[in-house]
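Please find the structures below.
What follows is subunit A paired twice: with subunit B in the first complex and subunit C in the second.
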Partner chain A sequence: MNGLFIISGLGILAMLAEILKFRKAVLPLVLVGLVAAFAANLREWNTPVTWFNNMIAFDHIALSFTGVILVTAFFWFILAGDFFRRESVITDHSALILFALVGAVMMTAFKNMNTLFLGIEIMSIPLYVMAASRKEDIRSNEAGFKYLIMGSFASAILLFGIALVYGATATFDLDKIASLLSSGQELPTFFYAGVIMILSAMCFKVAAAPFHFWAPDVYEGAPTLVTAFMSTVVKTAAFAAILRLFMIVLNDVNGVWHHMLAGVIALSLIIANFTAAVQTSVKRMLAYSSISHAAFMLMVVLANVRSGLSIEAILYYTLAYSAGSIAAFGVLYSVSRNNDHSIDAFNGLAKRNPLMAVCMSIAMLSLAGIPVTAGFFAKYFVFTAVMDSGYKWLLILGAITSAVGAYYYLKVIIAMYFREGDKHPIEENSATKMVVIIASVATLVIGVVPGLVAEIFEF
Partner chain B sequence: MYMMLSVILFIIGAVGVMARRNTIILFMCIELMLNAVNLLLVAFSRLHEDSSGQVFVFFIMAVAAAEVAVGLAILSMIYRNVKNIDTDHLGNLKN
Partner chain C sequence: MLTGLLIVLPLVASLLVFMTKGNASRQLALGASVAELALAIFVWMSYRHNPDSSLLSLDCTWVKSLAIHFAVKADAMSLLMILLTTFLVPLIILSSFSTNYEKPQNFYGLILLMQMALVGVFAATDGFLFYVFWELALIPIYFICLLWGGEGRAHITFKFFVYTLLGSLFMLVGLVYLYNHTHVNGLHSWALQDIYDAGRSLDASQQGMVFWLIFVAFAVKMPVFPFHTWQPDTYVNAPTQGTMLLSGIMLKMGTFGAIRWLIPVVPMGMDQWANTAMVLSVIGIVYASCIAIVQKDFKRLIAYSSIAHVGLIAAGIFSANQQGVQGALMQMMAHGINVVGLFLIADILVRHTGTRLISELGGIRAMNGNFAVLFLIIVLGAVALPLTNGFIGEFLLMNGVYQYNAVMAGFAGLTIILGAVYMLRSYQGIMLGDKKESSMSFGALQSTDKLVLIVVCAAVIFFGVFPGPLNELAEEGARAVISNLK
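Up next is the complex of A and B:
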């Protein structure tokens, strides 16, 4: 909870920097503040206190997901230093990102439908602005607009679902809803309609098919680093929320939502992987790849056999995916300085900048799930979780579509190593280089010793 | 009774979001959806004699206002760039 206060304070401080003219100090302050928030977060381990009339509680799940979010945000800010200098206003925009972080942390720790809704909105509204932050670029404006319309449409559906659940249970408190469900009391039919609506809205937020159509456009139009933030921090937060809602609270009525979720996963796997294979823009390809990764994470929610194992599997997946994505977007950002996000921009990168090419290869291999990288074990944990459930056909589908997935990730690697491109060495700055290297080393380390992560987050 | 009314309002809003081309009307339709939810919450709150539903409505109203503020700002930015606010003039992001 103190972490949440620190991040909110940082956001206000970043806005004050514009008035009091200490713009240069914002980035170091934010980085120090994020470390402090992480430390405050760590200290709350094993001290279960609920806040605001049982509306927010930082239990182990909340704290570990918050940890992943804060680490990702820390590296994102280092990466973004260059972006803030070149094409945006550091004070306002870092304040917006910090407020989005507040929402993301709330989404991991909600205990009440009220805080869930507020968390989602606090996270989304700053991101609408960030997606549209290139004022002169119509594509960026359009991305922001599309994100806003689709986001508020999803919120309206979520709210209608929440209202129906409230109508049936007379409470917004998740603990009370859970105990009501486990007591086996007869509930009106519209309760189940409400659950389905909440699930659809959450699928919208994580961009799972058939609710995914906004994602590729928004990811492509938004500035590259904002896309990186959306596909790492936002995904992690949304999955923490789905995990709490469906694996813990609404698990007793899983007969209602299981079939729909299975359909969503199957569609996402097929549509995302086959569409990604024909993309020419790497940014768009990464957007589709994020849809297919969302499907893998949803698979764990569907399986939910032994809850400890499932939570670990999702946590490991978010960590592996965030590390891989940060590395990939970092390289994409340095390669596509002139807004050329096509695969051709990567041609001959191995000669122009061998280090970047190696890091990008590691990131791509990890996202594809090739052994020794984190992505492989992430998929392995998902598959072991699903193995014990009744959804073996999804497992087979997942394996087949992963093979299709490997094709488009390898396309980037082939372009880097076997094609000739222009010979100009790309300009890079040391911060970007450092983050990309750290992210790819992290991808390898948590891939080589997957037990390490499981031990850290012992449940 | 109230439930039927709010379901109808919600559906009108949802259809409007999908069918209409004018972006201002899109915002109106989203407001309509949110207000259908508000109506439902207030009705349930009265039914259960529990005030938390009404408190939730205040949160929804505040968030809706923030959303529209951001939305209209983005819209004015779009207007400055393309001198039009119909969704037909957008579509630079399709392959």
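Up next is the complex of A and C:
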């Protein structure tokens, strides 16, 4: 909880920096603040306290996902230093991102439907602005606009769903809803309609098919680093929320949302992977790849194994995916300085900047799920979690579409090592270089020693 | 402990090689691979001294909550494959000395990394570890083919990678399925024996499903008809050393996997589907042999002959009897050695004459008699003449397949005739007859090439005349597998 206070304070501080003219100090302050938030977070481990009449509570799930979010955000800010200097206003924009972080943290820790909705809105609204932050670029404007319209629509559906659930149960409190469900009391039909609507809205937030149409355009149009933020922090937060809602609270509402979710996953796997395979823009390809990874994480939710294993699986997956994405987007950012995100921009990168090429290869192999990268263990956790459920056919589908996935990740590697590019070397600043290296090393380390992450839950 | 060292040594060596520059890298790589061979022979000696020695196995926990262990062990069958790997890698490295590759440190580093993964595959006694090494072996060879391959390599290596990855993912599903059915004191386990027990506790239809999930991965790797379509193009386009790694050792991952991780795991699945697998293998033998006969390109001809040979090995494995499996192990050794020799010859031909087309070659014997003799010995080994290393394996394999089904043995036996046809005809076309224009430039061999060919020929003859020590290992390995089937 103290972490949440610290981030909120940082956001306000960043806004004050514009008025009080200490713009230069914002970035260091934010980084220190994030470390402090992480430390505060760590101290709360094993101290279960609920806040504001059980509206929000930092249990182990909340703290561990917040940890992932804070670490990702820390590295994101280092990466973004250059972006802030070159094409945006550090004070306003870092304040926006910090407030989005506040929303993200709330989404991991809500105990009440109201807090969930608040968290989602606090996270989304700054991102609508950030997506459109490149003001002269028509595609950035389109991205912001599209995201806003579609996002508001999803929020409305979510709100409607929450209202229906409230109508049926007369409470917003998750614990009370859960105890009502387990008491076996007959609930009106519109309760189930409400659950489906909440699920649809959450599927929108993680961009699972058929609610994914906004994602490729928004990912492509938004500035690269904003896209990186959306595909890491936002995904992690949304999955933490889905995990809490559907695996812990609504777990007993059997048969209703499972069928729908199975369909969503199958569609996402097929659409995302096959569409990604034909993309020429790496940024767009990464957008589709994030849809396919969302499908894998949703599989764990669907498998519905109420044990530490599923939580570990999703936690590990978000971390692995965030590390891989940060590395990939970092390289993409350096490579596509002139806004050329096509795969041709990567041609001959192995010669122009061997270090970047190696890091990008690691990221791609991890996203493709090749041992001994983190991506492999992430997929493996999913496989073990789903194997015991009645959805083995999804695993087979997942295996086939993963092979398709390897196809498009390898395309990037081939471009870097095999194709001839223009000769001029790629320059990266030392901050980008550092983050990309750390992210790819982390990808390898948690791939070789998955126990580091996987064993923090010993339920 | 020693087996763990066998895995660590190439890994450390490859990291060192990556850091070197220029020619130092290949000398370092050669030195490391020779040291690895010496270590492997030492392991073999200590195995002969005491097969249950604790030096030969290593078991430490990797991920506790998932029961994943870093467990490796050198038993008879693994040892055989490790010896093959460690024997071939120095030859492969040596054979590259006559070609100047760009960025040699990466080339040799990747070869050593590949060796690490291969030894890991053969030594792993933990299902998960096996899978990790299995996949890990794919990455270095992918980059070797991609960076130093021939024309059209991007497209072809792509196909190869995606194909094998798809097979592997099915295997992962199968292995996880087995893992979830293991029960050791209320927990799951990845240990080989527990996987065996889990497989056997399944009912017939489940076993059939697991059989296919795992079979596909091995069938792609070997490759068995109709999973072979990636193979000829990849073999032809890979750099010679890549082809040698693929055909000499990597192919054996598939056959070895089938012996260790498939037939003993699902006996009832075998009852249902071994017949189908046998039929596919035999089709592969006849089909690939026929195609090999009409090949004009010598390297492509060897690629198809490799499909035919591995078809016979697969048939022996799925016959699941003592002779079949023992023959398969022996033939894996022989094929590995011979095919490395053959691909080197194809490489030498290209370097000296500029072509691999049999029709454009001829009369090389008159230019270089020694080369003709060495080539002939390897060809005879490949057609499995008695007193060459190919003979004993092929004999046992035919025996094993015959016990399973006489008709299939009849068809599989065609490989002896067809193999002789395409190997001897190509030898005749290349070495004998009138001198063609392209052969005129064929001069003396480079010393490293000559050395590799001599070692290969010596192995062909030595293991043909004294198959004893290897055969002992093969027999013991096969017996261990067969006893597990009952």
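Keep in mind that, in the parts below, the second predicted complex is superposed on the first by the 454 of 459 C-alpha atoms of A that agree within 3 Å, B and C clash if a C-alpha of one lies under 4 Å from a C-alpha of the other, contacts with A are read in each partner's own complex, and residues count from 1 in each chain.
One rule holds in what follows: a residue touches a chain if its C-beta (ideal position, glycine included) is under 8 Å from a C-beta of that chain, and two chains touch if they have at least 3 such contacts.
Keep in mind it's a predicted model, so treat the numbers as computed, not measured.
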Just to be sure I read the superposition right, which of the two partners does A:277 touch: subunit B = first, subunit C = second, or both, or neither?
neither
For A:153, select first, second, both or neither according to whether it touches subunit B, subunit C, the two together, or no partner.
first
Let me test your reading of the model: by the given contact rule, A:372 touches which partner, first (subunit B), second (subunit C), both or neither?
second
Between subunit B and subunit C, whom does A:141 touch in the aligned arrangement: first, second, both, or neither?
first
Where does A:380 make contact in the superposed view: on subunit B (first), on subunit C (second), on both, or on neither?
second
Classify the contacts of A:35 with the two partner chains as first (subunit B alone), second (subunit C alone), both, or neither.
neither
First (subunit B), second (subunit C), both or neither touched by A:187
neither
Once chain A of both complexes is superposed, is A:132 in touch with subunit B (first), subunit C (second), both, or neither?
first
Check: subunit A residues flagged as touching subunit B and also subunit C none
Which of the residues in subunit C end up touching subunit A in this complex?
62-66, 131-132, 135-136, 138-139, 143, 146-147, 153-154, 158, 161-162, 165-166, 169-170, 172-173, 176-177, 179-180
Subunit A contact footprint on subunit B (complex, rising order):
3, 10, 13-14, 17, 23, 26, 30, 33-34, 36-37, 40-41, 44, 47-48, 50, 52-53, 55-56, 59-60, 63, 66-67, 70-71, 73-75, 77-78, 81-82, 90-95
In the complex of these two chains, what residues of subunit A are touching subunit C?
312, 365, 368, 370-372, 376, 380, 383-384, 387-388, 392, 395-396, 399-400, 402-404, 406-407, 410, 413-414, 417-419, 449-451, 454-455, 458
Given the complex with subunit B, which residues does subunit A contribute to the contact?
113-114, 117-118, 121, 125, 128-129, 132, 135-136, 138-139, 141-146, 148-149, 152-153, 155-156, 159-160, 162-164, 166-167, 170-172, 190, 217, 220-221, 279, 284
